[in-house]
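Following this line, the structures themselves.
After this come two complexes, each holding chain A, first together with chain B and then together with chain C.
== the complex of A and B ==
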């Protein structure tokens, strides 16, 4: 596999594998040979159903994997610095927060209820930069709030004095205080209503625009949100990426049947959804302890043939530029999927 | 099959917040419903002078953001929360101060947001459903359980013996709907019943609701913050903002031709999949 991207990407991941150790001693491989790239200044969206392994991938990329999850292998290069993830090696502590940072799922509830936001910022800065004067750390926070048009009053606020959306934005500011090269946002908008959702995606875009973060990986099951925030989208199914492409291309002309099925189940307030019955995707994602042979989507795919059940699908395209992994697509390179579902 | 409210008559759409509480074919009528929490300076009007009518055999959706009062409204309708002022009429009778909730709950049932926390994890589906015996007594038969499960598209043989962790999220929510249907209610309240499900499963649960409306004539109050879902299932839409009903009317009119600024803003903030004109 060769990379066609002209300049070296900001993030380059190869062959990431991670598994949950179950009590019976068998491994559930939730991320299985995932390779991806992210250019500086861009947002890569990762979408899939519950159980597709997308949050596990977020944990691997953000170096926050904890037992029972263990990283089995893979290579992660961020801004030229390479990290070998095989053999259970622990990532260097200096990477967390300043090279990669995680905006966790349910972030709005991750603030300590008895700590003012300012005190938390002081803790964050000191944990990474050693002896820093309190005033300097608070200055860093207020400068950041000013730059992002957020009110200064949050510095002296306790979490309960802030709205859910504001708490979410505060956590975002705190998790990017050290200018990480890569921010991993794991379902940051799922608990928010549309207006706060929009404010958060605008904030993330602003952070990128100002160079306060190098690049963002945005994990969600909500494709319309990715349409608004992502430059590129990767679709994950049963621990693997099945399609990667630029946002508009992937949404307007999906290459993989799973992508097309996900898109078809989206409910947006547009006139056509009142006149057709949306079926959703039949069946459920497979048990990752025993994934299906061949293409993992074949039991739910209306286009599957014998070969899909027997052999792993080919990778059509390149990791750098975009690809899909599908036997049907290999035979029908130009046929739109929309008509087939 | 289409989900469109084909040929259904849609009475007076004045597009205003005063939604003429037309009692004609209404199963539920709320008149100036208000609920205040706290008192004095700290009083919060969670639901403020809201009037509406839920017509029989229709899906009415309440949309609004977090804190708009939509769940408070649902809880008043369920008689889980007393009404501060205003009047609630159910099937022609004033039930504002009715206290015999056991009989009322035979008529009005609900499903909530989290289908996992609503289960006792140590109970099988059969045992969960059997708890309805407290309301139904001897009326609860095996056949009735099977029928309720069939109505939500589940095969009794597949699910009755299972524990919650052996079911998918979508199946769990279907079981919760089946539990509600055991009562053969005339009103089903679905409070954010799809919010915790994957986008790929939401449509399947919403299809259960539209099928219940179309086949069994069930009246449904659906509560959501997602206008996309409201657009898919609703006959009528009520838009709540800070406890006040700011707009109401037939779904098509409210969603594609909103008149109130708040509704317009809410719609503008919804992320779309495709560019629209």
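== the complex of A and C ==
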């Protein structure tokens, strides 16, 4: 494995594996040997269909995995600090919220109904900085709200007094209150309408520009949103990353058949795409309790050959710069995929 | 709707409920078969009083208690007295007034139950929340223990304790609120005597109450634990005790209802516990009054219980608003 990234990346994850303990005693490995890198100031989008393991990956990265999900192994390095995730070791509490922070899906239920926003902020600051005066903690929150043009009234509000979009932005402010180096956004836009989605993605960009967040991993099934927010995109299928690349490059010239199929199933009102038929992907995502041998996409892939069913595909490229894992691509390095679908 | 209007409307509902309760409290004891005068007269006949005299005494008592009037007239008389704050005179223990009898018994019941309920509620809820959060063996032990004690009837716990601590290892007195021959007064000797009599009924109440509260709190907290905000708060690196506090506050609503209702029914006395330990509280008073068909005492006590339960419920509705901002908002029509 050659690592040619010039400077050390902000976030470096290697060999992440996590499994759900099922009732029958067998494990369902939902994240299987995932490695990724993220440079400072960038947004890495992780896309995939339901059941691809992307939310599980978000739980692993945000260190919030809890039973029945358990982390089997992997190594996470953030800004030079290394964390070994193997052997069921519990990550330190203080990492969560200050080094890695979670921006959850559905802010509707992410705030306790009986706690004011300001009180939660005070508890968050105190959880990391020890005995802090209440007024100082609240100052931190109001300063942040002012800087991001959000109304100060939310400090004294209960969650039910805020609109859905405002609640999501408030949760974003709370998640980034302690200037985390890595923010894991797990489908933050999925419950919002298009205009509030835009407000949220602009807020995230703003946080990056001001250096209040080191980098963002943005997990979603919504490719158009990713296209607007992400610098780089990783495509996940059946618990593994099948392709990683720059946003523009990945969308214009997908390297993996699954990426191409995924892109072809999205409605985008752009001239060159408008004429194309929207195709689905035949078949269904595999059962992760018994994933297909070889390349996990081969049963649904129109380009699959015998080797795809027998051996795991090679990694073409580098983890730092971008890659795809595909036997067909190994033999056809320059052929565009769009024509083949 | 404004808050005063909301409270006013609630108060009107409670007033209506009180009126119905007054009517039922008056009627129901009088529907029990038997007659208080018969009971009194039959006890006299054992004393060797002659038949004709018995008839005269019977007629006198019936007239004295107003039992010769039709039921509705009795009710009107009762309402008239009630309006003046007069609960009447006990039939069986005349000339003792109902107020006087309740006044003697109530302090015993309150002193026995209020600490038991408060302590049991607090311990039970903390235990339940901890069990849910910790999980594992602690949870299993606490849950099974709580389930066991809470599903045991009061009298079983009471009799078991009585047998263990007063018979097998006679460290505590088996019955009464104070030693025979002692009389209630404010002296060190009497207080310490009353305290040794206090432990057994107190323990039997606390044990059952802790169990019931812990089981309820645990299931509420388990539900809350799976909610998104707990996951998010963990993601923010909050301390466990902070998260437990949040869970506690959200899971508390039904528990507060339970607490208020227990305090409401408290004035009715812990009937079975008081009977098992012959404790001189309201429960024992009610039990004797029922067995003697002592209408005024029964009616007076049930009225007291009804008022206390209604007041407790009213307080719960107000407390809900304080604990849960959503209920406050909807009661004011803010939504």
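Descriptive notes on the structure:
Everything below uses one rule, namely that the second predicted complex is superposed on the first by the 332 of 341 C-alpha atoms of A that agree within 3 Å, B and C clash if a C-alpha of one lies under 4 Å from a C-alpha of the other, contacts with A are read in each partner's own complex, and residues count from 1 in each chain.
Following the convention adopted for this analysis, a contact is a pair of C-beta atoms (placed from the backbone, for glycine too) under 8 Å apart; a residue touches a chain by one contact, two chains touch by 3 or more.
What you see is a predicted model; the values in this text were computed from it and never measured.
In the superposition on chain A, no contact is made by A:23 with either chain B or chain C.
After overlaying the two complexes on the shared chain, residue contacts for A:66 are found with chain C alone; chain B is out of touch. Look at A:82: by the touch rule set out above, it reaches neither chain B nor chain C. Applying the stated contact rule after C-alpha superposition, one finds that A:224 touches chain B and leaves chain C untouched. In the superposed pair of complexes, A:175 makes contact with chain C only, with no contact to chain B. Touch criterion met: A:194 reaches chain B, while chain C stays clear of it.
In the superposition on chain A, contact is made by A:94 with chain C only, not with chain B. Interface residues of chain A facing chain C in the complex, by the touch rule stated above, are 62-64, 66, 93-98, 101-102, 104, 106, 108-115, 120, 123-124, 127-128, 158, 160-161, 171, 174-175. Per the touch definition, chain A reaches chain B in the complex via residues 49-50, 164, 192-198, 221-225, 227-228, 251-252, 261-263, 265-271, 273-281, 284.
Here chain B touches chain A in the complex through residues 1-4, 65-66, 168-170, 198-204, 206-207, 225-232, 251-252, 255-256, 265-267, 269-274, 276, going by the rule given at the top.
Those residues of chain C that touch chain A in the shared complex are 227-229, 231-239, 242, 246, 249-250, 323-326, 329, 334-335.
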